[in-house]
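One structure coming up, written as C-alpha cells, with questions to follow.
Chain lettering (A, B and C) follows the sequence in which the chains are written, and residue indices restart at 1 in each chain.
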Amino acid sequence: MRPRWGSIVLWGGLLVYPLVVSFADSGDFLQDVGATLVLSAIGACAWNIVGGYAGQVSVGHAIFFGAGAYVPLLAYELFEAPPLIGVPFGIVVAVAMAALIGLPTFRLQGHYFSMATIAVAELIRLVVGNWDLLGAAIGIQGPATPRVWWDLIFRSAVPYYYIFLGVLALTVYITWAMAGSRFGYYLRAIRAGERAARSLGVPVRRTKLMALMLSAALTSVAGSLYAIKVGFVNPESGLGILVSVQMIITAALGGAGTLYGPIIGAIILVPVQSATNTWFGGSGSGLTYILYGGIIMLLARFEPGGVVELWQQLRPRLWQLLRARAKTEQARVA
Amino acid sequence: MILLQAAVGGLLLGAVYALFSSGLTLIWGMMNFINFAHGEFVMLGMYVALLVSWVNLGPEVFGPAAAVALMLLGVIVYMGLIKHVMRGPMLSQILSTFGLALLLRYSAFYIFKSDFRTLPDTALSGTLNLGGIYVSRAQLLAGLLAGVLALGMHVLLTRTALGSRLLAVAEDRNAAMLMGIHPDRMQALAWGLSAASAGIAGALMAIAYPFSPSVGETFALTAFVVVSLGGFGSVPGAMIAGFIIGLVEALAGYLIGPIYKDVIVYGLFVAVLWIRPQGLLGTGSESRS
Amino acid sequence: MLLEVQNVSCSFGSLLALSEANLSVGEGEIVGLIGPNGAGKSTFFNCVAGDLEPTSGSIRFNGVDVTRAPAEHHALLGMGRTFQVPATFEDMTILDNVMVGAFLRYHRRADAHAKANEVLRLTGLEAQANLRARGLGTPGRKRLEIARVLASEPKLMLLDEALAGLTPAEIQRAMELVRRIHALGITIVIVEHIMEVILTLAQRVLVFNQGRTIAHGKPSDVVNDPRVIEAYLGHRRHARRERRA
C-alpha cells in the first residue's frame, strides 16, 4: 500500500486531536466528542464490510451492536466479572445472530435480507425490553467504580479515545487486508453483479454470509466499547433502529464501499450531531433525524458514492482550475 | 367466547393489513422494489384523517382525502426519487425509501408529537352486539371497507384494461413498450395506487384505533411480514396473508399477552423465510436471487 | 464427450420453453446454436450454464452430473459463459474484472494478478487495464467479459451472442479472438444470429425452433435444410406482417 498523504494527515490528526484540544476551554467536552467520533467510525467501518463492499444493505445492525453492549454488562451484573471478559462472548452471540439471519435470506433476493434485518432487530429489542433478566426497559449497568484497571473505568475521555483509536486502526487494517484479498474481490463482484459473479465461480451465498459474520463481530466490538465507556445500556440505546441508522448514514455519507469513507462520514456527522444536541437540546434529536432522512435521500438520489466519490469527481476539475490559474500567473509574469 | 371476539377483531384488522400490504406487493412485483416508507404512508393517511376532522368534515371524507393526498405523494415520490434510483445500485434503492421513511416519521413526530390520539367521536362510535360478540362500529366499518377495497384492487389489476397494462409492464417492460404502453407512466400510477391504498388503510384505522407517528414503523414491518407470507408480488397472496397475520396477532395477544403479539408476528416472519420463503402464492423462482 | 445434454426440457409454469433437447459436444469442438427469437436457445443455454434448472433430462459435464448444480459449481468444473447483455462489473477496473475470474484458480492475489495480466495481453485489453469498465463501449465490454471468463481457465466456453451489435470490422476482430481461444484448446458453444459467424466458425450447428431442436449438422447442410428455412422465413414473414399492422 502506497502511503498517501491524505491518510497520513488523517491518522496524524486523529492521533494528536485529544492533546491539541486539551488546551481549549471546553477541552474535556471536545475530547468526549472525539471519543464518540472514533466509536461511530468503528461502527460505520464494520457496517461498511457487508453494506458497502458486499452491497447487502443491513438495516438492523443494532442487533450486533446490542449483543456487544449487553453481554459484557451482563457478565458484570450476573457474575460480577469485568465487562471486558464478556466481549468475546458478545462477539459469539453477534456472529450467531448473523448466521441466523443470513442463512435463510442470502439465497433470496436482496430485499428479503434487508427486511429480515429490520424485523429481527425489532424482535430482539422487544424481547430484551420485556425480559427482566436482561434489564427489561430499564437496562443494565456496569461497574460504577473501578475495582481493577481492566474494568476500564476512566474519568477522562482520553484513555477511551486511544483505546477506540487502536480498535479503529485494527478495523481499518482488517478491511484493507480483506479488500485486497480474494474474498474482497468476490465481495465487490457480488455487489457489482451477482449473476455474473456466480458464473465466474464465486460462492455467493457463503461469501455474503462470511461478510455478514465478520461485520457482525466488528460491530459487536463497537457495542462493547460503547457499553464499557458509558457504563450502561438499554433497549433504545443498544438495540434501537437509530443505532442502525447512525451506522448506515455515517458509512454512506462518507462513501460506502471505500476504505476511509466511514471515517470521513463520522468526522462530518458527529460534530454536527453534537452541535445540534447542544443547541436544540432534547428536541434536537428529532430534528437530527429529519435531517438524516433528507441527507440519506439526497445521497441515494444524487451521489450514492458519498463524499469520497464526490471528491474523486471534483478532483480532476480542481486540478484543471489550479493549472489554469498557474498558467495565467506565468503569462502575467512573462 | 372472548377468544372468538379476539378472532373477529383480528380478522377486521387483518382486512386493513390486507389493503395496505396489497399496495406494497404491487410495487414489489412490478418493479422489484420494496418501499421502506410504506408504513409511513399508512401513518400519513391517519394524520390526513386527523386534519380533515379538524376542519369539521365528516368521516366520509377521511378515506377519499387520504386517497387523494397519498396518491399525489406516491406519484411525486416516484417521479422525484424512485425513477432515478431504479437503475442504480441496491444500496441507493434501499436508502432512498429508507431515508424517506425517516424524514416522514420524524417530521410527523416533530409536528404532532409522540402522543397517541383518537379521532373525535362521530356517528361511528359505539359498539354492536353481533350474537354475543362485541365489535366497535368503527372497527367493523374499517374492516369491511378495507376488505372491499383490497378486493377491488385485485379486480382492478386482473379484470380491467388499466390493470392489464400495469401487469404488462411488470411482466416485461420492453414488450410493454413495444405495445405502446408507457412503462414510466404505469409505474408512476402504480406508486400512486400503492400509496393511496396505504393512505386509505390509515384513514380507516384512524377511525377505529388510536394512532401516533410511531405506528409507521410497526406497520412497515407488518407489511413486510404479510407480503413475504403472501408471496412475491402476489396481491391475492397479500390479501390472504393479511387476514392470517391479523388473526395470529390477535390470538397471540389474547393467549400469550399483548406485549408478545409483535414478537410472534416477527418470529413468524423469520420462520417463513427459513421454511417457505416463496410464501403462500409465490412460485419460488422469483424470490431467489 | 465433454458435454452431454440428454432430453432436457424446461417449463415455466404452464409454458414449455424447451422440449427434449439433446446435444453432445466433444473436446475441442466449436458448436453453434441458432434459431429465431423465443425458440428456446437461451433457455437451453441457461440450463447448460447452470442458471436454470431443467424440469427434466440430464446434463453431464466432463463426466459429472451437473443437472441440478448451481452456476458456481459449473464454473468450478470448467464451464464459463458470457451474457447476452454484457454483465461486466461496471465500477471495477478492467484489471479487477479479470482478476475476479482469475481468482477461481489462483487464490493468491499475486498469482491472480499475473494471470489477469496474461489474459489482458491475449485479448488486447492491457492498455486499458486501469480504466473503469463503465468507460467501455459495447464491443469493449464483450471483449472484457470474454477475458474475464478466460482468466478462470475454462474447458468449455458458452458464448451468448458475443458478436451481436458489433460493426463488421469489430465482428472480424471478435471472430479472430474466438479462433485464438479455440486454438488454446477450449471447446466453444456459441449462440449467434449472424449467419456469417456461424458458417465460418462453427463446425456443427444445432437449430432451435419453438422450444425444440429441428436440425443438426454441418453449417452448410443446416442452412439449406428446408425446415430451417421455413423456421426463419416463416418468422420473417410474420414479422413483416406485424410491422405493417
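Criterion: a contact is a pair of C-beta atoms (placed from the backbone, for glycine too) under 8 Å apart; a residue touches a chain by one contact, two chains touch by 3 or more.
As the structure is a prediction and not an experimental result, all values here were calculated from the model.
Peer 1: Stepping chain to touching chain, what's the minimum from chain A to chain B?
Peer 2: So the least number of steps between the two chains is 1.
Peer 1: Farthest from chain B in C-alpha centre terms, which chain would that be?
Peer 2: C
Peer 1: In angstrom, rounded to a whole number, how far apart do the mean CA points of chain A and chain B lie?
Peer 2: It comes to 32 Å between the two C-alpha centres.
Peer 1: CA centre of chain A versus CA centre of chain C: separation in Å?
Peer 2: 43
Peer 1: In chain A, which residues are in touch with two or more of the other chains?
Peer 2: Chain A, residues with two or more chain partners: 204.
Peer 1: Where in chain B do residues touch at least two different other chains?
Peer 2: Within chain B, no residue contacts more than one other chain.
Peer 1: In their complex, what parts of chain A are in touch with chain C?
Peer 2: Within the complex, chain A touches chain C at residues 180-182, 185-186, 188-189, 192-193, 195-204.
Peer 1: Quick check: in the complex, which residue numbers of chain A touch chain B?
Peer 2: Listed in rising order, the residues of chain A that touch chain B are 51-52, 55, 57, 59, 100, 103-112, 114-116, 118-120, 122-123, 126-127, 130, 191, 194, 204, 241, 245, 248, 252, 256, 283, 286-287, 289-290, 292-301, 304.
Peer 1: List the residues on chain B that touch chain A in their complex, please.
Peer 2: Of all residues in chain B, those touching chain A are 28, 32, 34, 36, 80-81, 84-85, 88-96, 98-107, 109-110, 217, 220-221, 224-225, 228, 232, 259-260, 262-263, 266-267, 269-270, 273-274, 277, 287-289.
Peer 1: Under the definition above, what is the set of chain C residues touching chain A in their complex?
Peer 2: Residue list for chain C touching chain A: 49, 51, 70-72, 74-76, 80-81, 83, 87-92, 96, 99-101, 103-104, 107-109, 112, 148-149, 152.
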